[in-house]
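First the structure, in the form of structure tokens, and then the observations on it.
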Amino acid sequence: MPSRAKGAAANGAEATSSSSLKITVNGLPIDRPCPPERILLDLLREDLDLTGTKRGCDLGTCGCCTVLVDGRPTLSCLTLARLVDRRSITTIEGVTPVHGLSTLQRAFVEHGATQCGFCTPGFLVTATALLEERPHPTRSEIIDAISGNLCRCTGYTKIIEAIEAAAREGR
Amino acid sequence: MATGGTRGTRLLGGRIPYIDGPLKVTGQAEYTDDIRRPGMLVGRLLRSPWAHARILSVDTSAARALPGVAAVLTGEKYPTPFGVLPITHDETAIAIGKTRYVGDIVAAVAAVDERTAERALELIRVDVEPLPEYTDPRMGVEKVAEPIHARGLLGTNIQKEVVQHFGDVDAAFAQATHRVRVHGRFAGVTHAFTEPLVTIAEATADGRLTVYSATQVPHYLHRALSEVLGIPMHRIRVIKPEVGGGFGGKSDPLPHEIVCAALSIETGRPVKMLLDREDVFYTNHGRHPTDNEVRIATDAEGRILAYDIDALIDGGAWSSFGTVTTYYNGILAMGPYRIPNFRYHGRRVYTNKPPSGAMRAHGGTNLRYSIEVGLDEIAEATKLDPFDLRTRNALPPNSTTINDFRITSTSFLKCLAAARERSGWDSKFRKLPYGRGVGLGCGFYISGSNSPIHFKPVMPQSTVHLKVDMDGGIAVHSMQADIGQGSNTLLAAIVAEVLGVDLERVRVPRVDSDVSPIDIGSYSSRVTFMMGNAARRAAEDLRAQLLRAASHRTGHPVEQLEVAYERIQVRHRPDVGVTFMEALHAAMERAGALTATGAYSSPPMGGSFKGARAGTAPAYSFGAYVAEVAVDPETGLYRAEKMWAAFDCGRPLNRLAVEGQVEGSIHMALGQVMGESMNYRGARLLNPSLLEYKIPAPAQMPEIEVLLVGDDDPEGPFGAKEAGEGPLIAALPAMGNAIYDAVGVRCYELPITPDRIVRGIEDRRKEGRAWKGA
Amino acid sequence: MHLDPFELSQPTTIEEAVRLRAEHVDGSDYLAGGTDLLPNYKMHLNVRPRLIALGNVAGLDGISLDRIGAMARLADLERDRAFASSYPGIGEAIREIATPLVRASGTVGGNLLLETRCFFFNQSEFWRASLGYCLKADGDRCHVVPQKEKCYATFSGDLAPTLEVLDAEVEIAGADGRRRVPLERLYDAQGDGIHRHHMAPGELLVAVYLPKDARERVATYLKLRVRPSFDFPELGVAAAGRFDGDRVLGLRLGLGGVETRPRRFDELTDPVVGSRLSDERIRAIAEGVVRQSRPVHNTFLAPEYRKRMVGVFVRRALTKVRDSARVA
């Protein structure tokens, strides 16, 4: 490591390569070493075995990797794990109740909003945050909210219907 | 909950939520990349930066010496060629002798982690001698200096040439009143499934090889692995976990799958090969870039006298399904209209580009677009309403086309009637204000290819095994591949329907060649029809066993018994009977756990001329779509406002799934119309990313009204036909014709980018040809 | 796709950030939301051995009616009711940026300093190597306009044109302290796709300031793209005006997504001040902008079309501003 970096670290700005990471994932505290270059998606899938979060494009376009960071939908493929230190992460596994399904998940099932299912966790996380913020979104608000998630199977039609139905039913 | 069967069924015909839905909405569904095996290595591919080059040497010594590298592989080790069609095996797992496109695999590495594997790739030195690049099929139709493949026709790059002539086209054109000629140009498009390609291979000490792969045809992968690796099929086990979309792009055995297996054999350790999104674009096998010329002749009343079709198809570096593609780009013109004279000349030409292959509605879209636009022009010339023109020409049920397609059921006329009425066509066509328009497009597609690609040994196209044990759960084994289309749900529902049991009793374990009986997989829109029939037969076999046991128990002869919900009872005396479980346990007293088998083979059909089998199918789907569009004439930007999709899939067995297929098909069709295209500079793909390859966003989707009007098909399971691919076709010309109705611009090229519309409007104005007063 | 190892600094003050950056002037990048930088890093584009993350730096955040912190998330600006109702034109521009998911992480400063884009730059290492790289990264020639002097990568930020027409200023921190410059003059008129703004290496964008009269201007942003989400602009036109009845008190026009910088056209709009913004004058301005704009073929749509659309979008933006001022 160059000496300048050490100096910087000594002055308060962390510049080490293996600081520890303290985060909460789906309600459980995680404390582990994490190099700066570790991407949140990789941390979740590879290190924590939370494989519900999907890797679709790895470049921030498709939305398959969406997770909540402090309740906010976030592209985990473009997030450095170290930069969510002390934050709370919720993945699709965390959106799922211990028993059964959430209203939104049930609506996705009943309305046929899943086909191949690969984009589904991302859509569900996005839609969960939407309904948290706006329990009764209009159709166009739903379309706006999911406009960062790509689905190749459904044409989005049944996804939108499912979110509408879940909103009607309330949570 | 599943709701309401129709036409005498309990489940089928209703809306049946996918049985794997709960796993998919929770992230619990297991895809290949979610699987981890002990000691698993990471596989990486070195891809060619050269479009066409002779490989002089590949020096892997430095890569091999890198700590953490377990194996480095080059082409020579596995020289056996493979391919999806037995007659066109022209790929090797890794390039041997030369590279044929930017992205071709030159070497492969297995290492302890991603970074080490990539570092190893950087250390491989490849010496090449550049060869002439052929990036356009036109460059390869004559003899070339360096054919891309030695097997090209007579020193050209032509992979396949088809010439067909039925009737007398020249005579028909000579006597025709109206003739149109459409020159269609179509950019290549790709599947863009959300799950990237990924394979895990595990060679084990017992001499066996297990391969998990994101594939829609496990059986073809199984064969290719055996052929290339030289391992008997029975020592290879292919497992298909959940697959995140296929659309045809996971139907060829793909080189990375074989390379992954080879690396595992080399290292004796499990290897995962996950492709980056960019690599998925290079693997491609998407829809062929195509130039076609469609000439149509009609009489004064708009009756079609002849088609004369020429297609020049850009195959890219490999054959893939190309021989089929070449036939389909002609013969899929044979419906939904009666064509008395037909001529086709098709050529598929190798180019130094990523290979084209089969994509949803394979061979059916580009040809259909040109035909339907041509018919719109004929309608205008004959002053016939486009619906009337098509009604007049509709192929009747129980007829034979001039090339010997056997047409059994068709509800095409009902499709036309439904689309016309529901869309309010008669008050809209040529009547909406300038900038708004409606357009009609029609289509038809095969419901399962009558020709299995691998027919040696001769065997049924689909087989289903059922197993029930004392727990009362019914396991359905089959090698059909659910890739999101809901075939597992349909399989379970058919079994539950026949046996009268609750859907929840039926399980569909993932495809595993060790236990799943043969099925040639999910392509050519064959699963509902063929697997559905096999499943029905298997369930009927099992039902017969249960009925016999129930007969023993109740003392009533089998003929007097009927199946009811979770029960077998005496007809008209529902109080006398046994529960399903009682019947099962009674049957098990003699036989132990029950098993049953059902199989399906399509009936003999087709003519005896060369290529006669291409396009033959036990049934065909039909569709008539109306699109309503709004075009901004100044910018050429447009949106699909609404789509009325009248479709004949026979009897829709799961309405939820069929609607989903129609809606998803429209999404894919709109993509090809509105902006999807694989753009090249020379041999280099400019947009290998989901950012620059533009599949439609949620806000681009129109309101969709799905009209399922089909009558029962006589041979389909419970009257069903396909709904996976056919629903895509009509949407494309409906859009093109609607844009014409809106602003008077004929678009012969896909995608219809806004600049093309602006140019068309400009040309019209220059020529002083007003449209709707503008 | 992994990132190559790098050092990560997480300073807490502006001064510390600037100092760190100065210490590693050729070997570091500031990291804001990451939605622009990290895809480029994943594709090995101009990767530096150190990232200086700005998330913990005090004084870079905050949203008020006259100041937007550079680290304000685009989504927060979009959701801030007071801000949104005061600056509907800025809201229009923000909603046109990428996707809601990108906006959730992406920052105002990041969008203003977005890396320029090009088909021959935004590609993987493998892709670029296959073509021998380009001027903007690792190479010595341009593949868009083949030559060796100038990079044509396009500035694709959606926010800059809108903030420019509102006469926003930006505060910049450097080793020698703070300075404020009009946003419009941040971008280098003599620069190119590589040297695109007048910020010294190591300088840090701190905040955007909006002038008092910005709220009195009627502003709009119109963006051309193939998909109504995801896509970067094929062009973006911002317009803002103040009117007294029919009389123009001030008019500004900005264009982005076409050249290597977002630019304003004061020489075309200033002459209208004091008179009526007639259709003829609008048309004349539009023609003037078209004459000056030179799109090249490095985005999805053809440059001839984009050039033509510049005129249409300018006309529409100006007309919209004029007509909505009338209604208001």
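General remarks:
Should a chain be cited, it is by its letter among A, B and C, assigned in written order, with residues numbered from 1 in that chain.
By our rule, a residue touches a chain if its C-beta (ideal position, glycine included) is under 8 Å from a C-beta of that chain, and two chains touch if they have at least 3 such contacts.
Remember, predicted model here, so these are calculated numbers, not experimental data.
If you compare A-B with B-C, the chain pair joined by more contacting C-beta pairs is A-B. Among the chains present, the centre nearest to the common Cα mean is that of B. With centres taken as mean Cα positions, subunit C sits 28 Å from subunit A. The distance from the centre of subunit A to the centre of subunit B, each centre being the mean of the chain's C-alpha atoms, comes to 31 Å.
Averaging Cα coordinates per chain places subunit B and subunit C 42 Å apart. Counting only residues that touch two or more partner chains, subunit C has 1-2, 4, 228-230. Taken residue by residue, subunit A touches two or more other chains at 58-59, 61, 144, 147, 149-150, whereas all remaining positions touch fewer. In subunit B, the residues that touch at least two other chains are 276, 691, 697-699. Contact residues of subunit C toward subunit B in the complex are 1-2, 4, 119, 123-124, 126-127, 129-131, 143, 224, 226-231, 300-302, 304-305, 308-309, 312. Taken in their complex, subunit B has these residues touching subunit C: 47, 49-50, 102, 114-115, 276, 278, 634-637, 674-675, 679, 681, 684, 686-688, 691-692, 694, 696-700, 753-755, 758. Of all residues in subunit B, those touching subunit A in their complex are 1, 15, 17-18, 20-31, 33-34, 36, 191-196, 242-247, 274, 276-277, 483-486, 656-657, 659-660, 663-668, 689-691, 695, 697-699, 701, 704. Interface residues of subunit C, counted against subunit A in their complex, comprise 1-12, 16, 20, 23-24, 31, 34-35, 38-39, 42-43, 50-53, 55, 75, 95, 98-102, 104-105, 228-230. Considering their complex, residues 49-59, 61-62, 64, 91-93, 96, 101, 105, 108-112, 114-121, 124, 143-144, 146-147, 149-158, 160 of subunit A touch subunit B.
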